[in-house]
Amino acid sequence: MSTAVIESVTPAPRRPWRQPRKVALETTILVVASVVFARFLEAATGLAGVLGLYVGFAVALPVLAIVSVVRKGRNATIDRFATSVLVVAFGVVCIPWISVISTVVRNGSRAFYSGYLTTDMLITGVDDPLNTGGLAHALVGSVLVVLIASFIAVPLGIVAAIYIVEVKGRFAGFVRFLTQAMSGVPSIVAGLFVYATIVIFFGGFSAWAGASALVVLMLPTVARTSEEVLKLVSDDLRAASYALGATQARTTFSVVLPTVFSGLITAAVLGVARVAGETAPLLLTTSYFVKTSTNLNEPIATMPIYIFSSLGIGTENSIARAWGGSLVLLAAVLILFLIARIASNRLSRK
Amino acid sequence: MSTETDVPEIRLISGVRKRTDMLFRGAMTVGALASLVILALIAGFLLFRGFQIFADFGLGFLTSSTWDSGDVNDPTTARFGIAAMLVGSVLIATIAVVVAVPFAMSAALFIEYYAPRAVRTVLTSVLDLIAAVPSVIWGIWGYSVLMPDAEGWAKTLHSWLGWFPLFDVPAPIFGRSPFIAGLLLAMMILPIVTSVAREVYGQAPRDHVDAAYALGGTRWGALRTVVIPFGRSGLVGGAMLGLGRALGETVAVFLVLNLVFDVNFKILASAGGNVASLIASRFGEASPYELKGLMAAGLVLFLVTLLVNAAATAVVKRAKVAV
Amino acid sequence: MDQPTSNEPTNVDTGEVVKPVIDAPAAPVEDRTRRRARNLEVGSAKGLEAVGVHAWFGNHHALADVSLHFPENTVTGLIGPSGCGKSTFLRLLNRMHEFIPRSAMAGEVLFEGRDIYGPGVSPTEIRRRIGMVFQKPNPFPAMNIGENVVAGPKLARLRVEDRDALVEECLVRAGLWKEVKDRLDAPAGSLSGGQQQRLCIARSLALRPDVLLLDEPCSALDPGSTLRVEETIVQLSETMTIVIVTHNMQQAARVSDYCAFFLSDGGPGRLIEADLTSNMFSNPSDERTANYVQGRFG
Amino acid sequence: MSLVVDGVVARGAFSRVVSISIEPGRPVGLVGPNGSGKSTTLRAIAGLDRLASGTISLDGSVLDGADAFVPAELRGVGVVFQTMRLFPHLTALDNVAFGLRCAGASRHDARGQARRLLTSVGADHVADRRPATLSGGEAQRVALARALAPSPRVLLLDEPFASVDADSRPALRALLRSLVVGSGICSVIVSHDRADISDLTDVVVDLGSAG
């Protein structure tokens, strides 16, 4: 029974449980058949357009999936059916955002021309041809308002995180609950609050009012992300710093914060991305102004309001301008998001 | 040899601190409590300004749905009630959650257990990205792309389910209805609910999934018996986070919904509203007294959203802990 | 694909009928050694055999050229130092190896004469016929004791004629019935480690497997529970082929009829020697087995 | 100027009576199986943990007692622990200068003194490199220099040469001996490497056997 060990040549490793070619063939047949069936279903029921086709596909795929395995037994059938339902459902989840991004790019690019980012709407009527005017005023306004908000919200957010993770003060749990509650404040309520206080008190819309409304929305995101990042620093690093005679303040500012600096950038950028697109609070605080201005005590144009008001006017050219604004804003948010993702990868790699 | 000494009271790492540290700890405490000050100010100020409304209308403010600023120079003729708007907010947010949760659950299961490993990381970051798309962009897309199509769906839905009161329609106009606003909100909260669900499903204990496979269970069998029960409360938490976000949404709803001041449960009818778009549309030419009404409405929305979010985070936290 | 046999739970696809067998005539208690001899001559096509089996994780060659026959209704112990590939080999026998990302294999595993990695073989069917119990007891937390036992047939969507009878039969065979018979709806989590492991065994039994694989079932259990589980294994081997991976020499001696010694000399794990347990422990033919069995290393 | 530890160290359910007295210039070796309280004792001396009961006193003044506690940053105890790596965002030179900056030295003086210290431990060639790029031996030399920079009265070493390859250990041992044996510093060394204990210490306390 004992088998002497003979040095046989090692056979090639294989994965019999995966038949890529067979599975690929089966799925293509299934998908093609479902599309044909869907086309047929669309004609029969009168569901129009791309949606009608997708509804047909969503019905056809599971049905055909069952047919293809029924002879293999009930269990395999239900498994195949469940898989196809999940695939269809995942498709339904993807359709909206694919459509949003493709529509914004398609319609937005129509409003673009050489001067689009550099001229404002001072001398251009909303209805004038699309190769005049632009959104420079909104771009400058948004950058200013968001920058002011960041100068207030980012330090406050990081301080809250330091209080929770480093100082571990008596109110740490309470502060964490507060930032959690603040993340739930509806943006319109933040706008209303600033309107009722700063705008009315100082007698008018201003960039300052807009910035303070955004602080309320930005602070929780920065605080929560910073807290997660500070927790990444191991206690041994802090112990080493104390042993060298460093006070808690020096340990925090010259050891802990620098070690996770790129993580704090992520927190700040995520906070900016969160508020860059907020419309409701700005509606009540910065109002709108057609000229590029850097006067912080006067109403100022911002990207979301530019889009919202251009859309509100409703003429063909103004709606095209609204799409143009959406494209710029979406691009800005995507870029901010990529910066945050790159910064956090660099942190985890250190 | 360790003698049974009576345990002295536990010694903590405290002791006298250098002056700089006392300053440091004090500063950090003040900074951290700033968020408390802001939150208290918001709630306090809305209450302070809106208090007179509660005094004048009492519970009527929540039950009546007429919003009439009355004669401009005679504020006593004004009647304010947000019943219609409150019902509208909750109705639209509920439609959004009811539509979003099943799809979010399926997408989360697909990403976590069916999508190939490399694709999974891409899909996760795309989800986080989509959650950051500003609501005004969802609004403009909803207004120009979704609304025309959704009107068609509402018609077909009405033709099939018209007999059911919820889908009945007083007049054959299907545009700008709570149904359409609810659908748009569903698409907006899908990323948030899906990523919460995906995270909780990802933590299903590996050895229980293996046990299900070892019993001859198919992949769906394993999901049904192990993963879905494990992720149930996490999904509830994610849905409530989505509900909180949908309750507070302003611009997207403002663009696709007809503001009508009476309670309407017929979701396909072109009449509805929510507290947020009430504030956005009226604040411009509101008289000081009406402004107080808007404050009171803002406070009610703030408290409702606060409650929903607090409950949601508690549920999600417990879900992650339960093995 | 399967010829109907008497005591299979109803499989809707293949039409067998579930008939819980409680009043089966207790097999005359044969002296275990005489039963071993009977098996050797019979040598039926039934039972399990690995032929030239290899395993890889990505490009790491974990197991090389293992051929081993598991005679029917016997207990085979797989022993060897940790990292010698014995658990990997076990997971190949019921196609659980493929769930590990980037895993690969070679060779054949014959079950009732057919290669389970061959085309047209349903892996779920194989895993129903070859049950497995894991190192850490893993009853389903969301289910009570009764539900855990019938989880297998429920997963495989088999119609169970008399649920309570099946639950009782499996718990009796797993040696847990007396301890839990009046709290079947208690959550599985309320049981002790040893009880949970026997519940997992009962759960596998509900599918009437022909083979039961156990991956170091007692390494997380206290000595008392370990003995109870070992008794259960020996009783089960009356009607089932059992393969058990174990670190513990005494357990291998107490429980197994055959033993297979695996060793990895830095490279992939290999089968050094396989024989009757009595021979392996008294006069192993390979010097490395002697070292291991006498506990000089590993 | 002697360091006396007389009390009970505890971590969770585990507790152990420890009584050691360390004279300057005569390093004490602390040995015993894992979990016998060696690291807990070192952390208590450094002020990172507290004794469950009893006192730690240096030259008569109580560092950790029933009603007195001097926090780590005021204790002036140098530590070279295996888990306490160098600050990843600072160069080797700035790591060493850190302690001096904490003691109030100006940037310029601190960096000058740090460079001299790095030379004395034979690591000045890595002064401007980040810790991630250093070998085990180099990192250990910099850690030693960093701990000695604020001229501590006590130096604690927990498995100092664990991450150093065998053939460069004798050189590091000689360096350490020159710094602690016969110097004014009280030092405690914990190591599983018999050679460290026999070569550097003449008093050995075995926590394994006692209790």
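Letters A, B, C and D name the chains as they come in the text, with residue numbers starting at 1 for each one.
By our rule, contacts are C-beta pairs under 8 Å (C-beta built on N, C-alpha and C of every residue); 3 or more make two chains touch, one makes a residue touch a chain.
This one's a predicted model, so the numbers in the text were calculated from it and none came from an experiment.
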item: Busiest interface, counted in C-beta pairs; value: A-B
item: Whole-Å separation of chain centres (CA-atom averages), subunit A against subunit B; value: 16
item: Rounded Å distance, subunit A centre to subunit C centre (Cα mean); value: 50
item: Between subunit D and subunit B, distance of the C-alpha-averaged centres to the nearest whole Å; value: 54
item: Residues of subunit B whose C-beta touches two or more other chains; value: 17-18, 218, 221
item: Junction residues of subunit A - those touching two or more other chains; value: 75-76, 78, 247-248, 250
item: Subunit D: positions in contact with at least two other chains; value: 47-48, 71, 73-74
item: Pairwise chain contacts under the document criterion; value: A-B, A-C, A-D, B-C, B-D
item: Of all residues in subunit B, those that touch subunit D in their complex; value: 1-3, 5, 7-8, 11-18
item: List of subunit B residues in touch with subunit C within their complex; value: 117, 205, 207-208, 210-218, 221-222, 225-226, 229-230, 323
item: Complex contact set, residues of subunit C against subunit B; value: 94, 96, 99, 101, 124-128, 131-132, 134, 136, 138-143, 151-152, 154-156, 200, 203-204, 207
item: For the subunit A and subunit C complex, residues of the former touching the latter; value: 1-3, 5-6, 8, 10-18, 72-76, 78
item: List of subunit C residues in touch with subunit A within their complex; value: 11-14, 52, 54, 56, 61, 64-65, 67-68, 95, 98, 103-107, 117-119, 122-124, 156-157, 258, 270-276, 285-286
